[in-house]
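First subunit A sits with subunit B, and in the next complex the same chain sits with subunit C.
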Partner chain A sequence: MFQLEEFIIQFLLNFVAREDLNAFLRNPQHTATIVGSLIAVSGALLGTFLLLRGMSLTSDAISHTVLLGIVVAFILMGSLFGQHPDLSSGWLIVGAAAAGVATVLLTELIYRSGLVKQDAALGLAFPLLFAIAVILVSRVVSDVHLDEDAVMVGEIGVAWANTNSHCLSGCESVTITPDDPRAEMTRQCTNCRNLGISPRDDKAEFTTICTNCGDYSPAQAWQAGFTRQEPVLVFWPKSITVMAVMTLLTLLAIVLFYKELKLSTFDPTLAAALGFRPTLLHYGLMVLVSLVAVGAFDAVGSILVVAFFIIPPAAAYLLTDRLPRMLLYSSLIGAAGAYSGYDLARGNLLGVVHLSDILAAFNNLFGLGLSEQWDSSISASMVLMTFLFFLAAWVFSPKYGLVSTMLRRRNQRRSFDDQVVLGHIHRHQGRAAESDELTASTLYRHFRWSPAKMERTLRQLAARNLVQIEADQVSLTDHGETHAHQFRQTQLTNESVGELST
Partner chain B sequence: MTKNYKLTTKNSSSDRRIWLLIGATALIAALFVPFSQLFLHVEYDYTLRTVALGGALLGIVSGVLGCFAVLRRQSLLGDALSHAALPGVAIAFLLAGRDLGLLLIGAGVTSWLGVYFIRLVTGTTRIKQDAAMGIVLAAWFAAGIALLVYIQARPDASQAGLDTFIFGQAAAIIERDVRLIAAVGTVSFIVLALFWKEFKLITFDAEFAGANGFRVNLLSMALSTLIVVAIVLGLQLAGVILMVGMLIASGIAARQWTNQLGQMVILSAVFGAFAGGAGAIISAIDADIPTGPLIVVVAFLLVAISLGFAPGRGLVWTLLRRLSDRRRFAAQTMLQDLYHYAIDHGRADLPAPESFLFGVRGATAKEGLRQLHARGQVQRSNGAWMLTPAGIEAASRDDRNHQLWAVYRQYADDLALPAIAEDRQQDIADLLPPESVAKLEFKLDTIRNAAAPPAQEQSLPNAVTDH
Partner chain C sequence: MSVLSGNGPHDDANTALEIDDLTVAYNSKPAIWDIDLRVPEGVLMAVIGPNGAGKSTLIKAALKLIPRAAGTVQFYGQPYEHVRGLVGYVPQRGSVDWDFPTTVLDVVSMGLYGRLGWIRRPGQSERESALHALEQVGMQDFADRQISQLSGGQQQRTFLARALVQDARIYLMDEPFAAVDAVTERAIITIMRELRARGKTVVVVHHDLQTAPEYFDWVTLLNVEIVATGPIATTFTPENLRRTYGGRVAYLQEGQQIAGLEKE
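Right after this comes the complex of A and B.
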């Protein structure tokens, strides 16, 4: 990871000055947006396949149980090496990925028993694993970083502060040993806590320890005042690297196995018959989902990450029928949600509305005394923006949207109305009860329509030069005659074709 | 007539078993209290009594209503809806302050809106139900988190403890909450009892219900509303994340023991009460163990026991049955193997080399030969096995039976034979009336004679190599 960061920094420094890069990264908004977008893109890419496979909620299960993997790895590391690892440590990621796969395996084990339906199997497996994780958290690791807030919302807002420092020049690492003159020694009671006695007690035993011994990176050494010359540093947020690696892995897997994934998603039987090992792909996909979920854990927590897997693909699913476009759209929607979500957390909804105005309006209307300063969770706001984009896609999608569906239905209804009226006139024109059947002002009764509807239909037909109304009598124009005749012909053809085929 | 009679006796005996089981579980649940006092040294102070009672009541409510979620294949709906309750809690707090009843009403409203949204999305688009539930889960939960974070930024401390709804906090339950759970639970049970027939119908055959003029949409919304009620009541104890486990686990466990809805619901209630009560009591042993997760773990143990040991369906029984089947078939398989090996090589008492038999059948050979030897149907002579005269007789009878079965399968319609289920372990002569057997035998002999005389055994290839 560290070398990768060095590499990226060296590359970036070709284009921007070091101070600008530091300033850019130190801006919480930039780092949060980058991390959020990376999560959103990798989640959206994988989520697209999950959605199409009807497995969206598996991501929910996995993201919950990733916590168990992290906790178990955390405890194991603590007991094996006597030192709790950082949340971006490779071992935690391995543990979390294993937990993700274990969830899927447990679900399938329960489901394969044939006694429980698939949804129920999923609903059994992940609450159990999550419950175990929560018990472990509160019993074993109650005093560490893994607190509830981290599980729920993550810390994307402070992602900029958790950095690796990369030294470019003037680098001087320092190692302080107990013999060093700069070492600070202090006495510590070794048995006070165990026996529950105060250090002043006679039975207390002491040992001398060094409080500031250890290795200092150039940045730490400068901060602690061990070095005289200020090193030239770049502070690179760790979570950017983690998520960038996850996103690259995801992209790479999808590019390499695109054909296989596509086939096994749309026709698993054929994929199996052609020897593409759909089961292997299935588990590969699950591993990737776990990896992204654990990578995102730090930033957005264990539950909100589900949104990045499910909502953007669902929105893209309403916009297109092509898999490549769906992948592209869902990534874009996810990234856009992440970008605009940061502003929403500060109360700025797409630059159009400011939430503090709304809160003020609420206060004025109901006298609630709400705080008018909207300052909320960044990750949750990102999800809300993504959801907003989903709603927009749902309403306005050109093909599947509510509006276009409504318009299409209305047009169909209207054209059906037109045809019915034309047919009626065609049927009765020049027949016995013509004057009775074709009176414009009472025509609506024959259809049991409202007068307004009949009037509108006749007006439209007249406008299209299909009917004419003379002395309250409706009749077809020549054009209308041809139209009705043609329609009748095609209907007859369709019917006979239908009869032939049945 | 006789069949009907048999059916009812069987049902009433299994009925009695279920009621016994329900009674036994209830008894164990009741005995758990003195047990925990004696052996786990749990002290029943006021808090624990309240929490345990609340947990048990909640287990009953969610157990009963969860059954329907399980049967309607909406287990994960519980997950989505419990997450969807969070913004309601926050909004209710913002509007009306900290009053549990109002908070729960708020939770119910947003959760119910979640149900409605899922219906709307699945009804108007091609998005499937699981994805729609995922959307509701994530978006509603995000809204809840956003509001909670906004609320937490308030300078005063009135919002403290609001986030216990996320993970649940059993210790916060007071007597008034228990009364609330009991009251609301009773009301929802009354509704359930009033619409029992309708709910049963839409659960098992919604299309039939619709065809008979029941308002399926309305009814299923009502049922979902009841599920929402159960979820909302449980939030304080189990929290939004684990509520789904509490909702469905006891239902799944109960489903294993019975095929009747009424029994399943009652059993599920007992299981739920046990999980809720015992979970709360065990978690009192150590202050560090959170109650909600422990209840889920206990409930899952009940599920594991049910999946393993439920009569008829349980995995243990299935496994045992498979083993005993294998033993039962081993002798028969070896008898046939020896017989055909010998016949194919010219005479019926030809010995077959042991290494050959073991190589083909593995463990089955060992087991089967042991059984046959005990019956005196085979004997061993220098590294090979051969049939005794008794063995040859049994084998040829068995072989003939198989061939009759094969003829039956092929010609049952042509010969106008009565329909029976194919079970080659049984003697077909026992299942069919004598005249039908005679027809079968005649047909078999005709086929054999029609075939070339030396290829007698090959005339019905599938009869010979059928197993």
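Right after this comes the complex of A and C.
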């Protein structure tokens, strides 16, 4: 990871000055937007396949159980190597991926017993693993930074502050050993805590330890005052690298295995018959979901991760019926949600509405003493914005939106009404009871329609030159005659004949 | 178990599909029981039997899509894994989600994925093969149609085109005639006969007893066990049918009614 960051920084420094790069990354908005967008894009890409496989909620399960992988890996690393890794460590990521696969395996195992339904099996498996993780966190890993807030909504707002420092020049690393003159030595009681005694007790035993010994990177050495010359540094937020790697892996997998993923999603049976190992692809997809979930866990918390997997694909599904476009649209929607979500957290809704103005208006109107400072959770605001985009797609999608569906149904109903009236006239024209059945002003009674509806329908038919009304008697024009005849031919016969004409 | 004595190509040259002692069970309840079946090359064979007789199971087990409890299956004297390219499979059309965001042409192209192997994408020549297959089933005008807009019969023809494009030597079709319109039924049977004329072998899970003698030249009667198998003229007898359906005459009458309707 570190080398990768070095590489990216060197590349970027061809275009921007170091000071500008540092200033850019130190802006919480920039880092939060970059990290949020990367989560959104990788989540949207994977979520598209999950949605089409009818397993969107698996991402919710996995985003929780990766915690178990993280904790177990953390404990193993601590006891085996005496290390305390952070979330960008490779082993924690391996642990998370294993936990994701374990979740799916356990779910399948429970489901295969045939005693529990699929959704319940998922609901049995993941809380179990999550509960174990929570107990391990609270009992074993007491000094790890995993508080409830972090699990709930993440720390994307402070992602800019958790950096690796990369030294460009004037780099002087320092190692302080106990015999170094700069070492700070202090006495510490070794058995006080175990025996529950005070250091003043006679039985207290002491040892001398060094409080500032260890390796100092150039940045730390400068900060601690061990070096004279200020090193030239770039501070690179770790979560950008983590999410960039996850996003690249996701992109690579989807570009390489697009055909296989599509086939095994649409028709797993054929995929198996052609030798494409749908089970392998399934677990591969789950590993990717776990990787993105663990990367996102740090930034947006385990509860909101699922929104990045589900909402953008659900919106894109309403906007297109081609898979490549669905992947593209859902990525764009996810990224737009992350970008505008940051602004919303600061009270700015798409640059149109400023929530602090609304609060001020409320204060003026009702004399409420509300704080006019708007500063809410960034990750929650990102989810909210993404949902707003979904809402827009749901209502206004040209093909599958609520509005277009309603309009289409209304048009169908109207045109069907037209046909019913035409058919009625067609059938009764030239019959004995003609005058009663075809009286324009009373026709509505035969249909049990409202007079207004009949009037509207007749007016439209007359306007289209399909009927004529003379002395309150309705009759078909020649054009209307042909039209009614054609309708009988095409619509009132069975499907097979209809298909012949296509 | 005669195949064990001769694995050379000449011994099996006339056998497209050989099944020995095949048993498949769902939770210890046998779906098919100790099946021995030899399908000669170049026949158009119906697999006929009542609901729950294991017809689809037989096909899926032959393709290793479900685990076998016992038995061996060989296509042209080889296990399926070695000859995937020779076998075309048409699943039941209800087995997939027709709201999937893709086009008819794309679905047909999927038949070529096996030949392409991993990672390689279909290109212009695959597109042309797929279009040609769509033409064969009379669906060329639907190539760019979203698949959710298709009628049941059009869906079935799309699946058939997807199998045709594989250019296999033996085709296994799971209920291609189920709930399709007359046009599609005629299109499918025409294509099956063309395939047979080109020396291909076609195995079809079939439901309609009335049309079976007209459509097929070979038949396997199945009810968990094999009741009879052979040329349709000598095998598709009332006696064998009674043994297959266990005297459920109502089914035969229903079949008659369907046939009667179609003659209108």
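Going forward, the second predicted complex is superposed on the first by the 463 of 502 C-alpha atoms of A that agree within 3 Å, B and C clash if a C-alpha of one lies under 4 Å from a C-alpha of the other, contacts with A are read in each partner's own complex, and residues count from 1 in each chain.
Note that in this section a residue touches a chain if its C-beta (ideal position, glycine included) is under 8 Å from a C-beta of that chain, and two chains touch if they have at least 3 such contacts.
Every value quoted in this text rests on a predicted model; they were computed, and no experiment measured them.
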Touched partner set for A:Y317, first subunit B, second subunit C, both or neither: both
Which superposed partner A:S377 touches (first subunit B, second subunit C, both, neither): first
Which superposed partner A:G214 touches (first subunit B, second subunit C, both, neither): neither
Of subunit B and subunit C, the chain that contacts the larger number of subunit A residues: B
Partner chain in contact with A:M326 - subunit B first, subunit C second, else both or neither: second
First (subunit B), second (subunit C), both or neither touched by A:L270: second
First, second, both or neither for A:L256, with subunit B first and subunit C second: second
Interface residues of subunit A shared between complexes with subunit B and subunit C: 54, 317
Interface residues, subunit A side, partner subunit B - complex: 51, 54-57, 59-60, 64, 110, 113, 115-117, 119-120, 122-124, 127-128, 130-132, 134-135, 138-139, 142, 148, 152-153, 303-304, 306-307, 309-311, 313-314, 317-318, 345, 366, 368, 370-371, 373-377, 379-381, 383-384, 387, 390, 394, 400, 402, 405
Parts of subunit B lying in touch with subunit A, wherever the complex brings them together: 70, 73-76, 78-79, 83, 94-95, 121, 124-128, 130-135, 137-139, 141-143, 145-150, 153-154, 163, 166-167, 241-242, 244-246, 248-249, 252, 255-256, 286, 288-290, 292-294, 296-297, 300, 303, 307, 310, 313, 315
Parts of subunit A lying in touch with subunit C, wherever the complex brings them together: 52, 54, 114, 256-260, 262-263, 265-267, 269-270, 272-276, 317, 320-323, 325-326, 494-496, 499-500, 502
Contacting residues of subunit C [partner subunit A, same complex]: 27, 60, 63-65, 81, 84, 87, 89, 91, 95-97, 100-103, 107, 110, 113-114, 116, 118-122, 141, 146, 148, 151, 153-154, 162, 181-184
